[in-house]
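Chain nomenclature is as follows: A, B, C and D, assigned in order of appearance, with residue numbering initiated at 1 for each chain independently.
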Amino acid sequence: MIEGIDITHILIVSTCMFFIGVYGFLVRRNLITILMATELILNAVSINFVVLNKFIYPDVLQGYMFSVFIIAIAAAEAAVAIAIIINVYRRYRTINVENVHDMKY
Amino acid sequence: MSFESLLLMRHELVLLLAIVLLLIAEIGTNDSQKSIISPLAIILFALHTIVGFLPLQEGSLFGGMFNTTNIVATMKNILNLGVLIILLQSWKWLNATENRVKVSEFYIVLFSTLLGMFYMISAGDFLMFYIGLEIATIPLAALAAFNRHENKSAEAGIKLLLSSALSSGILLYGISMIYGTTGSIYFAEISQSFKGFEPIQVMAMIFFFSGMAFKISLVPFHLWTADVYEGAPVSITSYLSVISKGAAAFVFMIILFTVFKLFTPVWQDMMTAIAILTMTIGNLFALRQNNLKRYLAFSSIAQAGFILLGIISGTATGMATVVYFILIYIFSNLSAFGVVSIISAYTGKDSISDLNGMYKTNPKLSLALTLALFSLAGIPPVAGFFGKFFLFTAAAEKDFYILVLIALLNTIVSLYYYLMPVKAMFINKSESPIAYFKTDKISQLGLAISIIGMVVIGFASPVYEKILSFCFGI
Amino acid sequence: MDFTYTLAIIGLPFITFLILGLLHNKLSHKLAGIIGSSSLGISFILSCITAYFYFFKYGKIDGAYQKIEAFNITWLQLTDQLHIDMGILLDPISVMMLMVVTTVSLMVHIYSTGYMHGETGFNRFFAFLSLFSFSMLGLVVATNLFQMYIFWELVGVSSFLLIGYYYEKPSAVAASKKAFITTRFADLGFLIGILLLSFYTGTFDFFELTKTNGHELAMTMPAGTSFLGLSIVSWALILIFMGGAGKSAMFPLHIWLPDAMEGPTPVSALIHAATMVVAGVYLVARLFPVYVLEAPDALTVVMWVGAFSALFAAIIACTQFDIKRVLAFSTMSQIGYMMLALGVSHYGDHEGLGFMASMFHLTTHAMFKALLFLGAGSIIHAVHSNSMLDMGGLKKYMPITFITFGIAWLAICGFPGLSGFFSKDEILAAAYHHNKVVFYIAVLVAGLTAFYMSRLFFSIFFGKTQHYHHTPHESPASMTIPLIILAIFATFAGYIPFHDLITSDGRPFEAHIDWAIAIPVTLLAFGGMALAFAFYFKPSTMPDKIAASLKGVYTTIYRKFYIDEVYLFVTQKILFNIVSQSIAWFDRHIIDATMDGFATVTNYASESIKELQSGQIQKYGFVFISGVFVFAFILIYVFVY
Amino acid sequence: MDILSLFVVVPILTMIGILFTKDLKGARMVSAIGMGIQLLMSFNLLFQYIAERKAGNTAEMVFTKSYVWFQSFNIHYDIGVDGIAVAMIMLTSIVVFAGVFSSWMTKELPREFFISLILLSSGVFGFFISLDMFTMFLFYELAVIPMYLLIGLWGSGNKEYSAMKLTLMLMGGSALLILGLLGIYFHSAPDGGQLTFNILEISKITIPHDTQMFFFPFLFVGFGVLGALFPFHTWSPDGHASAPTAVSMLHAGVLMKLGGYGCFRVAMFLLPDAAQEMGWLFLILTTVSVVYGAFGAIWQKDLKYINAYSSVSHCGLVIFALLMMNKTSMDGAILQMISHGLMTALFFALIGMIYGRTHTRNIFEMGGLMKVIPFISVVYVIAGLASLGLPGLSGFVAEMTIFVGSFQHADTFHRVCTILAASAIVITAVYILRVVGILLFGPVKNPEFNHLEDATWFEKVSMITLVVSIVIIGFAPLWLSEIIRDSLTPIVERLALAGN
């Protein structure tokens, strides 16, 4: 534990990460970047779990376990996502999200 | 905890076994022997379904992470039935030459998602729930992109995956807030720790709500639905629209009833608004569709709005009606998708205008589709009528009369568009209607099961009574 | 005495109707004629027997004729009190009417076998005649108001069918429609009247309604005034009279009668001269005790309507050229006379002279007017035209017709010794004692009647002989025999002692010719005849000159005071074009459009939100996130703060 | 199998029988036999019912049977009939029988046509025998929905639009109904007992006043839509105009009666307080219906439109009379349902026959038909006379019972409404005679019509069945009226109790 840095600061950081992630999801045009933005959201959540576990409920390890699984699942998700993005690139010759809208209305 | 108590996970274990066997078969066969995969998968799954119906004890595992109750088992069985029908219906499409090589992938990935759903339904804490949810979602994106050579399929895959990543991120954030305020991720403990309407907890619940609403495709969290449904292969679309949605609705209901008991007024209000939005917007969009899959997508959004009518009451009756409705909905929607998939597998056509004059050439398929649409619209004597009527009853029991009225008005709109394909098939004239074709036996069987289910279940009151006996309210 | 057999009087024509109606393709014309006439003949004989038994054997108890219920069954139970019965009521007026109806009907049946000979619809015609006879007889013997209303409608429809007998002729169709609808409108009044009356009295039954204790009605009627200062009973009876006025072609509901002459002439004789059109008079007579004892105001209305119609029709009759129309207006005028007579009557003994006179005139009029019509039919049969301008000098061609028609003419003009003279005199006497204005109107009408009937008579049989395509010839025996028989009746009907038989309270009273009135009126009638003689016996230009000098007035009269045009305006322009058309428009363009509007709005809404589903995953995400936060803010605000 | 369930079973068997036929000939034969049996059964039911009453059975409903269906909702398959239901069943079987013969020559997809037709009728039969509101509603919907295909597929003119409009409006009505039914259901056990859908059981309790006031409009309008209550009647002209003959017959003749029947059997019987308090509002609407429909009919050119508007007027009278809430007027209402059912079915049958020959329904393109097709024309005149209330035909009996009954109402407002409604009989005469005059009388307008053939034997069967029924009721109404009156007693008493 670092002096002068308490749970509030860390939670602010994670909240910021969450919103940066959301923002990134909404405005970035590159599919990969969007994927990264979602990773940011997940990481924010991971930080939350870890910090909450550490600072408030240090007796049991639920938060830690949760963040471990989040990381694992995020990896799986990224794998599938990259695979699909590659497929998108093959079909559309671009990974600009604005161009991927064959289906609408 | 004895070893036998693992039998509480019987559904999951048998399914896992099936997946492993399929994997072995995939490895152990060469290209010419791949044709045994499909029969094997279907037989394995049929066995799994039958095993599922065997009597089961209630109990929990892993310190409450995994629960098995009668209602949970019933839900799983219902999902099993649905998946079995889907497997039969996808037979023709899967055996097309371009899909030969990835048949076993289809089955393995599909079964995995089902496995995820089972865990999700049985979950006793948020971690298990989350893992189940992701297992159920991520492979589905891969399945949606199954047709590698189609733009739409790829687009569907990426849309599903990114949207679900966003939604699960938000859901997780909600869970982390709950964890932060209660110190637990176990359902039983959380519900005990809630004391009043803490803003952060309300917020957390809404985050959770939105994540689940995404899965059930409730407005305004539904926007991915239509695009994904349209782009994905028909079998996957039907899987998404009934199984994935049904499982999500089950677990959503269970968690609302157990964990968020205290917040009942909050989520009831939210649900009222969302139900109205969902039904209305789903219907309004469905009105203008010509692509059958997209049309059924919006129809399924509207149906999700109706499902909320049962959940909102928060009673055992409500839960029973929801389970019963989803059972009926699975049969009805699969009948509709069955016909659509047969048509698209044999002729490659998938728009409503292609159906013009079809009754003259393919009367049986037309009748099947008509019955299915009538059931979706809630018209007797098919089961949809009973399902909907009971949902309304459940909502009215808690005096949600205004909501019921709006839902009823929505049924009128929905009737309009459900009659459109009927009109196309029976009334419209066409220069070149879909020519007569003979459907293969497996597809016929799949369709027949769903139609029989759709017709019979409404009249079979014991089914409902049995479900009700397992259900619980707040 | 058991009068149940009287059922046969009514039943026979009905059975005939069924036989002829169902088998009309199968029966030969001759057989149909025989069946129709003979069944009516039997009815006639039974009526005679009934009349004999009733008047001379069993009808009178304690010096007064009683109402006898020969037969009665409940046909429909409405409320605990109200029920519609079907039955046969015998009392002086109903027995009298039985006689009149069967006599005229029999004559017309026989006559028609000749007149309608060779028509394709011969069997249909006889079926309808039987239907009419059945309905009319049922009306006459009705034991209660509702039975009367039922048969009232049935005579209406038989009249409709018979007027429209020549259904290929548009004018006949129009006339039948007009007749039916006009009387239907009047019947609405009748119906409402019945509803009102039965609501307050709790019965339809004539026995109960008209039962009297001395000069008081046995039944207590609601007292007090309701609307426009008249009592409820008065209103009810005025409305009932409206029905009567419609059927009897009283002003202003008379418009259908002249047009009804489009029907075959025997029909005009039977329905539109002798029987159906007097149903209104009969209705008032039937309820006479109620009118006179409880609702004198209503009776005053009857009187004025009658008097005005009599005058009004007589004036128009002077200008018409169609012989049947002249006769039609004459009928209207004479029925006005009868109404007038009822209106001036009081109750009991000599006070009830008007009632007796009215019934008397009804009988005599039936005879001579039927005769006139049948005679006219005979003429038309010979000349193939209705217009008196096409006729003249027929005396030599058609002697029997001439003589019988002449008798009828004299009878209607009130020639002393013939039937019309007696009945008219009684009416005038009754009017004289009641209301002088009405009396003078009646006298004037008597003069006018003599004039226009003579005009008719002279222009047909004398005047200029026309060139006829076929030489007119006398009609066959089947037509002339009824003429002769009716002529006999028309001559001698005046000698029936009505004051002994048919009086307002059933008790006979003394009546005699009031010479002080009879002589001047007769002289006036002679004056009218003389004037007509001067104008029409020889071809003369006088009438045209007079008509020309009174141009506006003449045209107005000739156009029947433009009443038809007024009706046409109200129905065609206002009801049909304005009300009906606008309702049809309103229904399509407002109500229906509103329903369609729901669909349009839905579609529009559907169209306008389609941008929501833009296909852009980031927009989806945006909606998702906004949804989450909007809900979060609202719900936290609502539930936490 | 009990005597009542057979009424649903026989149509189902008939439908199955039709499935095994190959063409029109077989299909119509099976239908005719099935519906003939149905007709005989309904006669049998009538006699049995009378015998049962004679034997002293004074129960509200007879031949009752009850099987539990959905235990937890307390939904039963409850059947039973009283005099009114028996009368309506009679009506239905007569009209369906005639309808089968009217569609004897259906060329396009005959098997499907007859199956849909009979499906519709089985819904109607089921509706009339039901005592449980759930099953009643189920049969109601079952009767309504085949209309879509029947009109859309075998109809004419702007059929798709009409079919859709009709279906959506009727379904709109049934949407309101569901709400009303649920409202009643959840207040059917005020003491905390078992909730029920059973009409007889609910009629024994009193639903709280406010609840009644809230749900009554839903139920009444819901049924009223099918009863062509102004302003929810607009599906009727279009729907009837586009529907094939037999469907118009069944729809106007029977299906519209479901509305009136439901109005009193469910809405008024179960919610009597509200019926008493809100009756005036609907009374105004129905009075408007009666007069408005009649006026609307005057201006029409199309035979079917005329009859459709006439139906609006006549069916308005049914609900009008029901709202008067005394025994006589309600008796009249039922009689009017039967009478209108028969004569409007006859009308539509005739219009179908005329249209089949002349290929037009515009009255101005026809004329003088009496000369060329006398049988049909004469029957048309009879139907017209029945419609305008000629004594001796059924219309008169019904109308007069209604007017006399309504006029017995103690309230002046109701009596004024009665007079207004009664004035429609004149307007009815106008439009009926107008049509008869233009269509049947006058010279033959179109020379091609000179070669038209008169009615064939199956058309005659259809016509005669209906005419005979009309005449029998018109001549001897007492027996029917008494059967109905006795059965009305509980309803009227309950309404009267609420009025005090």
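Just so we're on the same page, a contact is a pair of C-beta atoms (placed from the backbone, for glycine too) under 8 Å apart; a residue touches a chain by one contact, two chains touch by 3 or more.
Note that the structure is a prediction, hence the values are computed from the model and not measured.
Asks: Which chain's mean C-alpha position is the greatest distance from chain D's?
Replies: Following the centroid criterion, the farthest chain would be A.
Asks: Determine the chain that sits nearest the middle of the structure, using the mean of its CA atoms as its centre.
Replies: Per-chain C-alpha centroids compared to the overall one single out D.
Asks: Counting only Cα atoms for the centres, state how far chain B is from chain C in Å.
Replies: Using C-alpha averages as centres, the distance is 77 Å.
Asks: Rounded to the nearest whole Å, what is the centre-to-centre distance of chain A and chain D, using the mean of the C-alpha atoms as each centre?
Replies: Their C-alpha centroids are separated by 65 Å.
Asks: From the mean C-alpha coordinate of chain B to that of chain D, what's the distance rounded to whole Å?
Replies: 42
Asks: Counting in whole Å, what is the centre-to-centre distance of chain A and chain C, each centre being its mean C-alpha position?
Replies: The computed centroid separation for chain A versus chain C comes out at 97 Å.
Asks: When you check chain B against every other chain, which residues touch at least two of them?
Replies: Each of 158-159, 162, 166, 170, 226-227, 288, 416 in chain B touches at least two other chains.
Asks: Out of chain A, which residues touch more than one other chain, so two or more?
Replies: Residues 22, 25, 34, 100-105.
Asks: Two-or-more-chain contact residues of chain D, please, as numbers and ranges.
Replies: Chain D, residues with two or more chain partners: 168.
Asks: If we use the touch criterion from the header, which chain pairs count as touching?
Replies: Contact pairs between chains: A-B, A-C, B-C, B-D, C-D.
Asks: For the complex, which residues does chain C have touching chain B?
Replies: The contact residues of chain C facing chain B are 599, 602-603, 605-607, 609-610, 612-613, 615, 617, 619-621, 623-628, 631-632, 635-636, 638-640.
Asks: Report the residues of chain A in contact with chain C in the complex, numbered from low to high.
Replies: By the definition above, chain A touches chain C via 22, 25-27, 34, 97-98, 100-105.
Asks: Which residues of chain B touch chain A in the complex?
Replies: Spelled out, the residues of chain B in touch with chain A are 126-127, 130-131, 134, 138-139, 141-142, 145, 148, 150-152, 154-159, 161-162, 165-166, 169-170, 172-173, 175-177, 179-180, 183-185, 226-227, 230-231, 288, 294.
Asks: Over in the complex, which chain A residues touch chain B? Could you list them?
Replies: Those in contact with chain B are residues 18, 21-22, 25, 31, 34-35, 38, 41-42, 44-45, 48-49, 52, 56-57, 62-63, 65-66, 69-70, 73, 76-77, 80-81, 83-85, 87-88, 90-92, 100-105.
Asks: Within their complex, state which residues of chain D touch chain B.
Replies: For this pair, the touching residues of chain D are 69-73, 75, 134, 137-139, 141-142, 145, 148-149, 152-153, 159-160, 163-164, 167-168, 171-172, 175-176, 178-179, 182-183, 185-186.
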